[in-house]
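Just below is one structure, and these are the notes that go with it.
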Amino acid sequence: MGIKIATIGGGSSYTPELVEGFIRRYEELPVQELWLVDVEEGKEKLEIVGNLAKRMIEKAGLPIEVHLTLDRKAALQDADFVTTQFRVGLLDARAKDESIPMKYGVLGQETNGPGGLFKGLRTIPVILDICKDMEELCPDAWLINFTNPAGMVTEAVLRYSSIQKVIGLCNVPIGMEMGVAELMDVDHARVRIDFAGLNHMVYGLDVYVDGVSVKEKVMELLSEPEHSSFVKNIEGMGWDPDFLKSLNVMTCPYHMYYYKTDEMIEKNNKSAKEEGTRAEVVQKLEQELFELYKDPDLTIKPPQLEERGGAYYSDAAVRLITSIYTDKGDIQPVNTVNNGAIASIPDESAVEVSCVITKEGPKPIAVGDLPVQVRGLVQQIKSFERISAEAAVTGDYGTAVLALTINPLTPSDTIAKEIVDEMLEAHKPYLPQFFQKTEE
Amino acid sequence: MGIKIATIGGGSSYTPELVEGFIRRYEELPVQELWLVDVEEGKEKLEIVGNLAKRMIEKAGLPIEVHLTLDRKAALQDADFVTTQFRVGLLDARAKDESIPMKYGVLGQETNGPGGLFKGLRTIPVILDICKDMEELCPDAWLINFTNPAGMVTEAVLRYSSIQKVIGLCNVPIGMEMGVAELMDVDHARVRIDFAGLNHMVYGLDVYVDGVSVKEKVMELLSEPEHSSFVKNIEGMGWDPDFLKSLNVMTCPYHMYYYKTDEMIEKNNKSAKEEGTRAEVVQKLEQELFELYKDPDLTIKPPQLEERGGAYYSDAAVRLITSIYTDKGDIQPVNTVNNGAIASIPDESAVEVSCVITKEGPKPIAVGDLPVQVRGLVQQIKSFERISAEAAVTGDYGTAVLALTINPLTPSDTIAKEIVDEMLEAHKPYLPQFFQKTEE
Amino acid sequence: MGIKIATIGGGSSYTPELVEGFIRRYEELPVQELWLVDVEEGKEKLEIVGNLAKRMIEKAGLPIEVHLTLDRKAALQDADFVTTQFRVGLLDARAKDESIPMKYGVLGQETNGPGGLFKGLRTIPVILDICKDMEELCPDAWLINFTNPAGMVTEAVLRYSSIQKVIGLCNVPIGMEMGVAELMDVDHARVRIDFAGLNHMVYGLDVYVDGVSVKEKVMELLSEPEHSSFVKNIEGMGWDPDFLKSLNVMTCPYHMYYYKTDEMIEKNNKSAKEEGTRAEVVQKLEQELFELYKDPDLTIKPPQLEERGGAYYSDAAVRLITSIYTDKGDIQPVNTVNNGAIASIPDESAVEVSCVITKEGPKPIAVGDLPVQVRGLVQQIKSFERISAEAAVTGDYGTAVLALTINPLTPSDTIAKEIVDEMLEAHKPYLPQFFQKTEE
Amino acid sequence: MGIKIATIGGGSSYTPELVEGFIRRYEELPVQELWLVDVEEGKEKLEIVGNLAKRMIEKAGLPIEVHLTLDRKAALQDADFVTTQFRVGLLDARAKDESIPMKYGVLGQETNGPGGLFKGLRTIPVILDICKDMEELCPDAWLINFTNPAGMVTEAVLRYSSIQKVIGLCNVPIGMEMGVAELMDVDHARVRIDFAGLNHMVYGLDVYVDGVSVKEKVMELLSEPEHSSFVKNIEGMGWDPDFLKSLNVMTCPYHMYYYKTDEMIEKNNKSAKEEGTRAEVVQKLEQELFELYKDPDLTIKPPQLEERGGAYYSDAAVRLITSIYTDKGDIQPVNTVNNGAIASIPDESAVEVSCVITKEGPKPIAVGDLPVQVRGLVQQIKSFERISAEAAVTGDYGTAVLALTINPLTPSDTIAKEIVDEMLEAHKPYLPQFFQKTEE
């Protein structure tokens, strides 16, 4: 009768935050079983993080059962909520996503450009496989996905699976709200942003404190480099104030890759040279975290976790699950089926918009059409997401080349093809859909 | 009672083609008066080309009166058709449009990127001024515009003037049809392409010979460098065959700037170094043409004119005017008000689509929505056109920076601003709307 | 600094409910000034109801100032919220709206068919006049309109005035929620309905108790006559269960006029014969109420008021104002600008949908497109509302005939014309826009 | 190698017109085989009409083979065009469609209201069965359907079959053009109407002679009773001139059932009493025609055929087939898939609009959205068509009741149910989909 949560990729370093969230909201959301699932290669991490989870819950004195397992089906059986936070190919694959494009003068980043495409190509077949299991084992469960690229993954689930109770979750919008709270020196709860766009391509159409628009003020502050990012993993570079004022909507940190492409590539390359790729930096952070997690005296989420780019992700997930479970009707920005919220995006596509969260899931607030100045780029990324998802499902080589060529970060069809060729080879073990065919 | 044509920019080197067109179609389109108008600086050219026009008509033995004038109002008075083919700032301005962006590593091209923006900023106020005159002097006339950037200019007229009988005309679609005719070794009249998109951003959704689709064959041929362009002024670079097959629609030559950006910049820069900018090349061509035109024994359009990029432009114009005048109901690709033809473009925006040409003007054939793979880029260019038109009308500096930043050929807001700054200064005499304000 | 409310039509018998609402929610919504405005003919009622209001507030011990005035401009000056609940031509005009159509075999009803048209024709010029005053005296105020036909009036304000902060309010959706609460024997607060459609043409796309759909159960109960209406002034007639099950959305009471036209006309005619028109019944009710109101010992809203059809209207208004003032973010069904919420209704039109209520006003939840089975009727009423609003503004006779002819309750253009002719004459003093012209 | 035509319902009295059409256009459309197919009950008529066809062709001296068969599959095998003009249940069924509704005070008409619904319920399963055969035997053939209700049937084929090369054809638009030609005293070829709407619910948005709008003049003439219909089987009743002027688009004859419902019901009932139902009148006409057809000396289409309501139907079909075959590119009004032509109708629905006719079929000219004054009624009929098609396919009783209740000619759900009950019983042999289920 109690709530059963299945967390795919349960050995992730983010899990303690998730557990902390369940503990903190236990009164509203009485979780009975938490199943942390992982694959064979992640077994050790699963043990470490799972034991920390058990200690945290024990300390909180709550009757939440924690199950650690490599048996995904057992975890999914009758689950109420399935959360996904896995990484196909682990950080090694990410390192390749980040380093290979660089050789071609193209942005090497996990969720945008070639990296985003290949992370999608590796992830989508796995998520669709999970969906197939869900159809059988827990067809009424909600799938809360935080695996990146969350927009493309949500699009793929909506289009290529029968699981329609899927929500993509990202910490960027929350980061933007928290950033505004800090800029305006008010409590997070007093800030509201009208979000509209796509994952990692979301805009704040307006920004309020206590319901009163503060957009103008926020936009001024946003021009300054130190304020132009809201997430730990992207260093802000500032916006040209004339550009930003005319753009007239709040940007998200990832917009820097599109409106400051050259500078961002240069910065990424420089920091890769100096500190290694982001994957390598994260690898070190993770090792440190897991060292901390091993400490049998640790019974709380260590504060160091908040230094990672994905901070608040898991908290956002628990907040979302709680609102669904309690039919709360509060407003949260999530990736969900458009259903007319943004006029020129297909009804059945995924969008990232402010939604009312009910027991029936998120109900997007109508945006009408996006402001003309941002409509084009959003459409372009949506086209990229849709073609990429198609490539992931079909394993068609030309579709992958097409996806990368139409991506605004790619300088040409020729370079797209070279990158696709090298990355297909580099990720071969995780991309059977592309190789089984050609080998036939 | 006969037809009166007013040609703004009548001193253009293309005029003989226009005249040839009127001669050839005289039976269907009995032009009585042709008014060639130009500005003071163009007076000499107007005389040369005007006299050639008179000789051509005399030789043809037709009762068409040719008037040469600097008085635009006299030319517009009671005109039935107004054609526009002027160039604000002449080829000197074009040379700047082509050379300044290069310094910033950005494409220097007349109708795309920074060059397209600034050509629009210079041209739109003039065309709107012509529209104001038309409201008063010939409110029922059709405005047939071939002044580039034709899409942006048509958008501006539709949005910022009361003249709604405006058609933007480009030789690219005709070039594509003729190119296909040549590739397939059939007569031009047997080829039909379903065009959809925007000016210089138009796709062939399908291609027919005698009504039977030959798209697959054409797409194969298009991959080869020698076949990938259809206009004299863009040398084809070939398409990656896998990309093109997946794109699954026919490209226009200008797509090379978007899908092969780096290669095209490199090629442009190289040829600018070796042969001068395109403006300089054209300047020479023009001088040669005008030398030919001066010859009092010349009574035909010299064949050398066909070597220019704009070949067939004027012929297309006469074909269009004829179909309007005779209510012919044939299909021609033109820039006109969308009215729902392309689903996610606003009804009131300009699009370049196959239209049925009637006495009431072009009626676009419904496209539904564009294929997903091209929808994003088309939307992005439409956003660029709309913001650029707004900047041209308001003279707002930030809007100009915004327009250039969201253009897919621009690498960042910072570079956009630098280019805008230098180009505003370079074109100052032709951009009073930006300077009068700030000087107040 | 406190909140100022201006209530146009303050002498209405509903005012005590409004006052009760302000008293009950004073803590959240600290009203400082309540201005009750009325016209000369309503002076006496205004005095009676105004004095009751004063006694109610005094009893509650709250520092709300009540002002009674015939000077609308004084009331509007710096108001924060303007509520409108007036009736042009009073109940005498309503009696004509109800009785004249009957002679032609057409439904005589206040907000539907000919009655709805003529109530709109009389009301819209007055509301637009109020809007003009608001532009000058309180441009930032919210206009909360409960004057019927609320959908048509909201449409007219949105299209023909610069006041865009307008909300149309109706007690039907609340009545439906309360009806469901009663049917399901749960507290009102536990019921939520996904509303979509137009005023008096709203559907419940789904119905929840505690967030769980109970639509199927509710639909079964709705088939029974005693449950098929949710408002006091329409007696339910039951639905054919097969029809309702296939319709598959919850109806509102007014749908009986459209899906049971003949029965409803017959019933209306019968009851008019037996008890007089609804206007006459209401007139008696009102007299009784005003008798009660006069009692100097009465210091509360008398329970008899709840017997009127408009019960909960004023409470809904106070709930709405409170949510706007406190930026509450709760969900309420109101008439507001569509902005893409319902796909095939124009963005700028008024719709009645579930909205999140914020300080910036209602933000509609995206519906996508309406279910195909109800789309046609909703579009037809929207067409009727738009043409009617146009007739009200232009005073064009043919437009009025057109509006009535396309109304689904009208059997022919000829009858439409006859009704328009008789009703124009009957309401002549309140329809100057139709007569000044023809007399010129 | 020559063209093969299969005509389902080949024994129809209209067939001689079809044959005449093929003869007249033989040069452009060299038909090699014409297969006239019919069912057992129609065998005698098939023989009669088939022999006339053979005599007509022999007289014309053309090498068209005429095949008469009851074997539909043989006829469909490798056909290039399939035309359908059958009548499930013959004129007896029509008589019931016309007479039963009358008893309930509802319009009894073949293609509108209850008659339209039941004709659809009988016809759609048969047409879908033909489509199944076509998938197998002639998947590339065009299906040209003139079986009524042509809009609903086309909708059903588009939604419930894989045959997408389907065109619904009606003689109403041609009748309107011919009527205008007569009114304006010009040749038919000089008239063009911009058609938009649905079958039997089509409007002329504008009307031209030689490309110049004559709408205003035509609308004036249309108000007069003698000019308000354009088809033989509907006697015009005139329009109120104020209504028509405000409607501002040209009506089709069937609009009289919607804008003059009461008068039309009365007129229909009166004429049914005096002359019998239309079915009975037609039955007599048919008998007379077949008597004529039997005459072995008759070698032409007898002029009496033009007196029937369906005149020009078959000629329109041959004109359409010729334009497809020759890729003519002329404009014809047909029922085809919307594909965005009318903005608020789904892309995949059938609409009746002016199209360019090519070898690839009809390409609709973009309408944008319909004028607001007609949008509602068109949407309502589209909803009716879609629900009716669903009822025809599923055989669901409630869906049939729903379809009829939402039809604007039906006064209530209760009456809808009574009519459905009686008509289901009356047409039982032709509606197995409704009875097999309930008997299970």
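Note that the chains are named A, B, C and D in the order they appear, and that numbering of residues resets to 1 at the start of each chain.
As a working rule, a contact is a pair of C-beta atoms (placed from the backbone, for glycine too) under 8 Å apart; a residue touches a chain by one contact, two chains touch by 3 or more.
Computed from a predicted structure; not experimentally measured.
Relative to chain C, the most remote chain by averaged C-alpha coordinates is B.
The mean-CA centres of chain C and chain D are about 44 angstrom from one another, to the nearest whole unit. Averaging Cα coordinates per chain places chain A and chain D 54 Å apart.
For chain A, residues touching at least two other chains, in rising order: 343. In terms of which chains touch, the assembly is arranged as a closed ring, every chain touching its two neighbours and no others.
Looking at which chains touch one another, you get A-B, A-C, B-D, C-D. Considering their complex, residues 105, 239-240, 242-247, 259-263, 343-344, 372-377, 379-384, 386-387, 396-399, 401-402, 405-406, 408, 411-417 of chain D touch chain C.
Chain D contributes residues 192, 194, 206, 208, 210-213, 326-327, 329-331, 338-343, 347, 356, 358-360, 363-369 to its touches with chain B in the complex.
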